[in-house]
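Shared between the two complexes below is subunit A, which has subunit B as its partner in the first and subunit C in the second.
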Partner chain A sequence: MNGQTVESSDTHYRLQLKGITKQYPGCLANDKVNLEITPGEIHALLGENGAGKSTLMKMIYGVTKPDGGEIYWEGEQVTIKDPSSARHMGIGMVFQHFSLFETLTVTENIALALGDDAGDLEELTKRIVEVSKKYGMELHPDRHIHSLSVGERQRVEIVRCLVQDIKLLILDEPTSVLTPQEVETLFVTLRQLAADGCSILFISHKLNEVRDLCHSATILRGGKVTGDCIPAEAGATKMAQLMVGDDTPISTDYAKSAGGEVFLSVKDLSMLSDDPFGATLKRINFEVKQGEILGIAGVAGNGQEELLAALSGEHILDKAETVNFADTAVGLLDPRKRRELGLGFVPEERLGRGAVPEMSLKDNTLLTGFLQGLVSFGLINQAKTEQFADKIIADYKVKTPNRNAAAQSLSGGNLQKFIIGREILQNPKLLVAAHPTWGVDIGAATAIHKALIELRDQGAAILVISEDIDELFLISDRLCAICDGELSPSKATTETSIEEVGRWMTGVFDSPQDAA
Partner chain B sequence: MDIDLITNVFYAMVRTGTPLLIVALGELVCEKSGVLNLGQEGMMLMGAVIGFIVTLTTGSLALGFIMSIVAGIVMSMMFAGIALGLNANQVATGLALTIFGTGLSAFIGAAYVGVPITGLEPINIPVLSEIPIIGKMLFGQDLIVYLSFVLFGLVYWFFKSSRLGLVVKAVGENPHAANVIGLPVMRTRYLAVAFGGAMAGLAGGYLSLAYTPLWAENMSAGRGWIALALVVFATWRAERVILGAYLFGLASILNLVAQGLGYPVSPNLLAMMPYAATVLVLVMISSNVMKSKMYTPMWLGKPFHPHS
Partner chain C sequence: MFLKLQPRGEASKRMSYLSPLLAGILTLVTGGIFFIFLGHDPFHALGVFLISPVSDLYGFAELCVKAAPIMLCAVGLALAFKAQVWNIGAEGQLLMGGLLASAVALQLIEAEGFWVLPVVLLSGALGGALWGLLAAWLRNRFNANEILTTIMFNYIALYLLLYFVHGALKDPDGYGFPESAVFSDSATLPILLEDTRLHIGILFAMFAVVASWVFISRSFVGFQIQVLGLDSNAAKLSGFKHKRLVLLVMLISGALAGIAGAGEVTGPIGQLIPSISPGYGYAAIIVAFLGRLHPVGIFFASLLMALIYMGGELAQIELNMPLAVTSLFQGMLLFYLLACDVLINFKIKLNKSQVAGAEQNTVGNA
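Right, the complex of A and B next:
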C-alpha cells in the first residue's frame, strides 16, 4: 500500500470513490462515478452489460488505473497500483471468469495468489479448512480444480480472499453460474461475513437478488451513476428503469404453446466427451415438437457442449437412430446434411463459432447461408449474398455501419442479433440455440426472445440451452435440466417451479426418462 | 555378450542421452511457462560452435562451456524479444531462430572444421566406478554428465515442490488469471526462455567439447528436434524426459553394437531405431489422455497481451 494522506475524507466510510473516470479508446467506460461503502455494508452495483461495472471494480482492485478522480480507503487517499497492493490493503475480489488454474490443487491455487504471505503449505491447508468451515463453504484442499463444479470453484475464489485479513470483498456477477440453491448458500455466507464487519460490493444485474441481499445500491448506466437507492424500499420497476433508461421495454409475457408433431427426437444418447475435462452424456432421451420451445437448464459444464455437438453434427454418433429429425435418422450425418434437413444452429460462442471475428458480416452470412442459393457452381453469388446480409441487418435491427463491418467490431448484443437473424431467416424446421442472450443487454435480449417466439409460432421446433433460469421460464413451453450428463424429466413450464428446476440442476430427479 | 560389453553399452547410453536430456529439460521449463521455442536446434549449434572456438583459442574448457551457455542465452533472448516483447508468432519466430543459428554457426565455424582439441575427460569416482555394469554408467562419466543428473533432480524438484515452479505452471496454464492475481507473467516467461536457451547452449557445448571434441557443420544432427518431440511425448514430465533421453541413447548404441556384430539388417533401418523407438515408447506411455492433460501447459504457444 502506498497511501499518503493528502486530504482527510469522511472516515466512517471504508471505501469512497470520488469522480472516478476511465476512458478507453472510443468509449468513456466510467464518467465521474461516486460511491461509498461503510464497514459491514453489502452494497450492490447494478447495471447492464457494458454499463461500466467491471471497469470500476478493476480499478478498485488495481487491475487498471483510473484516468481521473480519487479513491479513499478508510479515510485516506490512496493509489492502488496493482492487485497485490489491493490485497495487502484488505481488498479481495471474486471474478466472473474465475482466475483459477485447473491443473493445480485448491491449496496450490490459494498459495499462488497469496504470494510470499502463503507460508507453509500445511499451515495454509489448515487455515483453508478452518475458514471454509466457519463460513459454511465445504472445500477439499487437496482436490484439483478441474474436478470441482462451478459452485465449488467459486468457493475456492471466495476462500482465497477470506484466508487473509479482508475488509472489502468484491463479487462480480457471482450468481450467474450458480443453481438457485447454491445462491441461497452463498447469500448466507455473505450475510455472515458482513455481520463480522466486512464490506461487500456485489455486482449484479439481477434485481430480485439485490433486493434480497443488499443494504444499498448504486446504479450505473453508460458509465454514469444514474441513482442510489435502498433496494428493499425502491420498487423493482424503478431500479430497472434506472438501469436501462426509460425507452427500453423491460419485460413481456409470452403465451405458452403445446406444440404439434414431434420433430426432434433423441433416443438413448450416450457419448464420451471429446474434451478430457468434459462431461459424459448418459442415456439422454427427449423430444421437441413443432411449434414448441424446449428449454434445458443447467450449470455450465454438465454436458451442454457435448449435447450440442451431438445435435449439430460436430460429433458424429455411432448409431443413426440416436438423433432423428421427423422420420429421418441423422446420427451419422455431418453438419451440412443436417442443415439441409432443416437445422438452424446458434452455438454458445459468438466469436469463433457463431461468426468468424475477422470476417465481414457479408462473409459471415455465407457461412451458414450457403443453402439459400448464395452459391452456384462453386462460385459465390455476391449480389444475393449482399441482399441476404442486408435483410438480416434490417429485419433484426443490427446496429452496424454496413454489411462490410468485421464481426468482431459489433457489440455482443448486435452480433447475437445478427447470428440469430441469419439462422431464423433460413426458415429452419429446428433451431438449436445455446445461451442465446448471454452477455447481451436487455434491449437486445428482448428482441431475441421475440424473434424466437415468432419462429415458434410459425411452427418450428426450438431447443434452447441456457444457464439463465429466468430466461428459460420466460420463453420455454417445456423445461428440463441437465446435470452431470444426465437429463431430468421435462414438465410444462406452467406446471413446474424455479425450486423444482433448481433441484433438477443439482441432479435430484427420479428417472432420467423424458416424460413427454 | 560379456560383462564388459554390457557395462560399456550402459555407459555409452547415458553419455549419448546426455545432450538430449539437457536440451529437453530446458525446453520443458520453457514450455511449462507457455512459450513454445522451436529454436532448440539453432541454439544448440551456436552453443557448440562458440564453445569450441573459445576453448580452441583460450585452451580453457571451462571458459568454453560458459561461453556455450552465454551463446544459448543470447540466442534465446533474440527469440524472446520478438515472440514475447513484440508478441510475434512463436512457431514462426522459433523456426527462424533455428534457420539463423544453423547458418550462422556454419559461417562462424567454417575455418574450424576438423581441427582437433582435447575434450572433457571422464572422472572416475574411486571404488564406486568399479561396480559391475552400472558403476561406469553412473560414476565413470565426465563433469557435464554429473551436472545433468543434478539438473534433472533440480527440474523435477522445481515442479514438484517449489513455489516458483507453481508460478511457472500457472503462467503457462492461464496467463490472464495469473496476471490478475498479481504474478509477473512476462518476467517469468523471459526467465523460462533464458533457461531453455542456457540448456540448449550447454548441450551444444557438450557435443563439441566432450561427446565428439571437434566442430562439424550441423553436428547436433536433429537432437534439438528430437528434444522437442521428447518433451511433448513425455507429457511435460521430467522423469519421462530422462527416460526418453536414455532410451534414445540406448537405441543409438545398440545400433552401433548390432552393426559391429554384423547382424544382417540394413544399416539404414538400424540408424532409424533411436528415433522410432523413443517416439514409440513415449507415445505408448502418454496414451492416457486425462493424465496427459494434467501436465500440459494449456496456453502453450499462444501470445499473451497483458492489457486486453
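Right, the complex of A and C next:
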C-alpha cells in the first residue's frame, strides 16, 4: 500500500494464534482459529457481528482466556493473563466504545488508563504532544473530553496506546464514528505506524476500508476462520461472501424515486439545544415527500440530535407551524400525538431509547405499538401484544429464542431489525430513522435497507440521518448534510457526489435558505 | 483481599430471589450471636423473638394488625420505587392520613351510619395523598430531590400531628392528656375475629396487594410506570408523561400510606394519640425491597416485619431487652439485604492476582 514490504516468510511472526478455541455457555465463540501477524503488517479481522471477532480480540488483550490453543508472541509461547500484562508486552487496544471520563482532560484520562505506568503528569503531557505530532493526530492535552468530537476522542484512545512502547495495536471498528475525511486521516496515521514496525489488527466489516488499508485479512464466520486473503487482490464481493456465507444476498442497487406530495415540511426551525454541549439549530428548512427517502449526512454532534428531538416531539417547539405533517402543524404536539398522526421513529440509541434493555421483546413491542389496539380500557391486551411481537420477529427475521427474551440479550443487528420492524409494521406515514445500521452486520443492514425501500415504495415519507455516506448514497433519493446546526441545500442523489456531500458536511455550502 | 467481586455479565434471576432468604438467614445468625453476648440461650431467645409471638390465635391476629399498615405503605412505595421515585415519606404520609382521618372522625363523633367510616378512611387517604403530592409537585416544578423533601416532610407531619393532638384535637374532657376523644363506633373499623384486635384493615392491605399486582402487570399505566423507572429516555420518546406519572405514583403511595394511618387511629388505637406509628412507614421501605418490589413478595415481607415488631415487644417483656432490639433486627435485615443484592450482579471469586482485578474493572467499564 504505502511501500511497506510485508515479510512473507513465516520465520518471524509478531503474533501467532494456533487453534484458539473459546466455549461460552451455549455458544462456541471461537473454533480452532489460526491467525498470524508480522511486524509492520496491517491485518484485517473481518466478520459480521457475532462472528467471534470480539472474543478473539479479548483473548489477545488478556480480558478472557482461551479454552484451547496456543498464543505465540514474537516466537515464544505465552499466556496473556490480563490486559495489564498484555500492555506490558506491547499490545494496545482501542475499543469501539470509548472509556473516557468527560470531565477530565486528555492527559488525566490517559494517566488514569495507564495506572502506575503513567509516571509524572508533565512528562506524560510532553509525551502525548510528541506522539500526537509524530503521527499527525492533533490533540491538545489540556482539553476536557466533553469538548472533543468523536474523532478527537478516538485519537485520545489511540494516543493512549502509543505513549507506551507498542508493538501491536488492536482497533475495534474504528471508522464507524468518523467522517470520510477523518477516516483518511486515521489511515495515514495507521500506515505511518505500520511503517515504523508496529503491527495493527484492524477489526471491521467495511470492505472498502479493509481493501484500502490492510495488507492481509482473516475472515471469521460463526467462530471459524472461513478464509485468509490479500484484500487488494481478493475483491469486495469475495470477502463479503466469506463473511456472510453464500446464501445471503449482499448489496443491491435500489431504484431511485422522485416522490409525490410533500408530507413533512420543516420551516425556519431554529432552536437551542437542551444539552449545554449541544448544537444550536439555525433556520433549518426542508421537506420530505411521500414515497421518497431524504438522507441527511453529517458528523455526529452537528445538530442531528436536536433536529431529531424537534421532529419526534421530545423537544416541543415554540411555534406549531415550524414542523408540519401534511397540512397539520405539529410543532406543539407531544410524541404520542405525533405518532397518532403517522410518525414512526427509530432513535440512534437502540438500547435505552428505542428499546428498554431489561424488558422483553413483547413489552418493547408495546413501548411504541400501544396505538395499534394493544390497549383497551387501560388494560394491556396480552394476546394482541404477543401476536404483534411474533409478527415483528417473524417478518423481520429477528434472531431470538422467543418474544420473552430481554431486549439487551439481542445482538445489535437483531435488535435494530426488531425496532425497525416495530415501527414499519405500524404503517407510518413518516418514518424518521437515525443511524439505522450503525454497528450492524451486513446481513442485518441489507435487510434494514430493503425494509426502508419497501416502505418508501408503499408511499411513506422517510427521513434518514446517518454518518455512513455509503449508506446514504445507497438508499436516499435526495441528499443534504448538516453542519454546525445548518442544513445544506439538497440534491437528488444521482446529481451529487460523495465529494460534494463531504464538502457540505464540513459546512461549505451557500446559504441554508436555499434548502428546499 | 482474598475475595473479589466479578461482574456477572447479566443479572442473576435466581440470586434476586435467593438474596432476601440469605439476608434473613444471616440476620438470624447474627441475631443469635448477639443474644449469646447478652447472656441468653440463642435458640430460646430467637424462639421468644420469632415463634412465641405467633404461637396462638391472638398472636396471629396481632401479627395481621401490625402487618396491615406496613403492607399498605410498602405496596405504595414499591410502585413509586418502580418509577424510580424515591418516596421515603410513607411515615409522614401515614401520619398525615391519621391526622386528617382523626380530625374528620372527631367532627363526626355524634354522627351515626354506615357512611361515617368510609368518609373517615377517605379523608385519611386524602391526607396522605396530598402530603405525597406536595413532594411530587416540588420535584416536578423545582426539580427538588424527593428523597430529601419526603424525609423532611416526615418531620413536619410528625410535628403537625403533635401540634394538633396537644391543641385543637385534644379531648376537652381528657384531663389535659395529649389525646383526642375516643372515636364513635361508627368511625371505628369493625373487628374480624372476636376477642382480638384484628380489624378489616388487613383486608384493605390484601386488596391493595392484589390490585397493585394487576395494576403494574396488566394496565398500560402500570407499564408506563415501569418504563419510566427502567429507561426514562424511552418513556419520553414514546410520549409517556413523566411528570404526570410521578404525580400519580406519589398520589397512590401517599393515599395508601394515608389509609394505613387512618386504619391505625380508627382501628387498634381508636383515637388520636401522639405516637400512632412505631415507624411503620420506614419499615415499609425495607419491606418493599425485601419483597423485591413485587406485591407477593411484599405480602410475605410485611408479615416478617410485623413479626419482628412483635418479637421486639415480647423480648422486652420476657428477656428484659430494650425495645431497640426491633430496630436492630430491622437494620440488620436491610443491611444484609443490600449486601446480598450485590450478588445479583456480581459473583465472588477467589482473588489470584490483584492487578488482574483492577484491570478487569477498567475494561468492564469501557
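Just so it is clear, the second predicted complex is superposed on the first by the 461 of 516 C-alpha atoms of A that agree within 3 Å, B and C clash if a C-alpha of one lies under 4 Å from a C-alpha of the other, contacts with A are read in each partner's own complex, and residues count from 1 in each chain.
Going forward, a contact is a pair of C-beta atoms (placed from the backbone, for glycine too) under 8 Å apart; a residue touches a chain by one contact, two chains touch by 3 or more.
The shown structure was predicted, so the numbers you read here are calculated from the model rather than taken from an experiment.
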item	value
Which of subunit B and subunit C A:R336 touches, first, second, both or neither	second
Partner chain in contact with A:Y135 - subunit B first, subunit C second, else both or neither	neither
Contacts of A:H144 with subunit B and subunit C, given as first, second, both or neither	first
Subunit B versus subunit C as contact partner of A:V63, first or second or both or neither	both
Contacts of A:L104 with subunit B and subunit C, given as first, second, both or neither	first
Contact breadth on subunit A, by residue count: subunit C or subunit B	C
First, second, both or neither for A:P83, with subunit B first and subunit C second	both
Which of subunit B and subunit C A:F473 touches, first, second, both or neither	neither
Which of subunit B and subunit C A:A355 touches, first, second, both or neither	second
Partner chain(s) touched by A:F95 [first = subunit B, second = subunit C, both, neither]	both
Overlapping contact positions on subunit A, where the subunit C interface meets the subunit B interface	63, 82-84, 95, 98-99, 113, 115
Subunit A - residues contacting subunit B, complex	63-64, 82-84, 87, 95, 98-104, 108, 111-113, 115, 118, 144, 146, 276-277
Subunit A-facing residues of subunit C, complex	10, 218-221, 223, 226-227, 230-231, 233-234, 236-241, 353, 355-356, 358-360, 362-363, 365-366
Subunit A - residues contacting subunit C, complex	62-63, 81-85, 95, 97-99, 113, 115, 312-314, 334-339, 345, 347, 349, 352-359, 363, 366-368, 370, 375, 378-380, 382, 408-409
Complex contacts: residues of subunit B adjacent to subunit A	163, 166-167, 169-170, 173-174, 176-178, 180-183, 289-290, 293-296, 298, 307
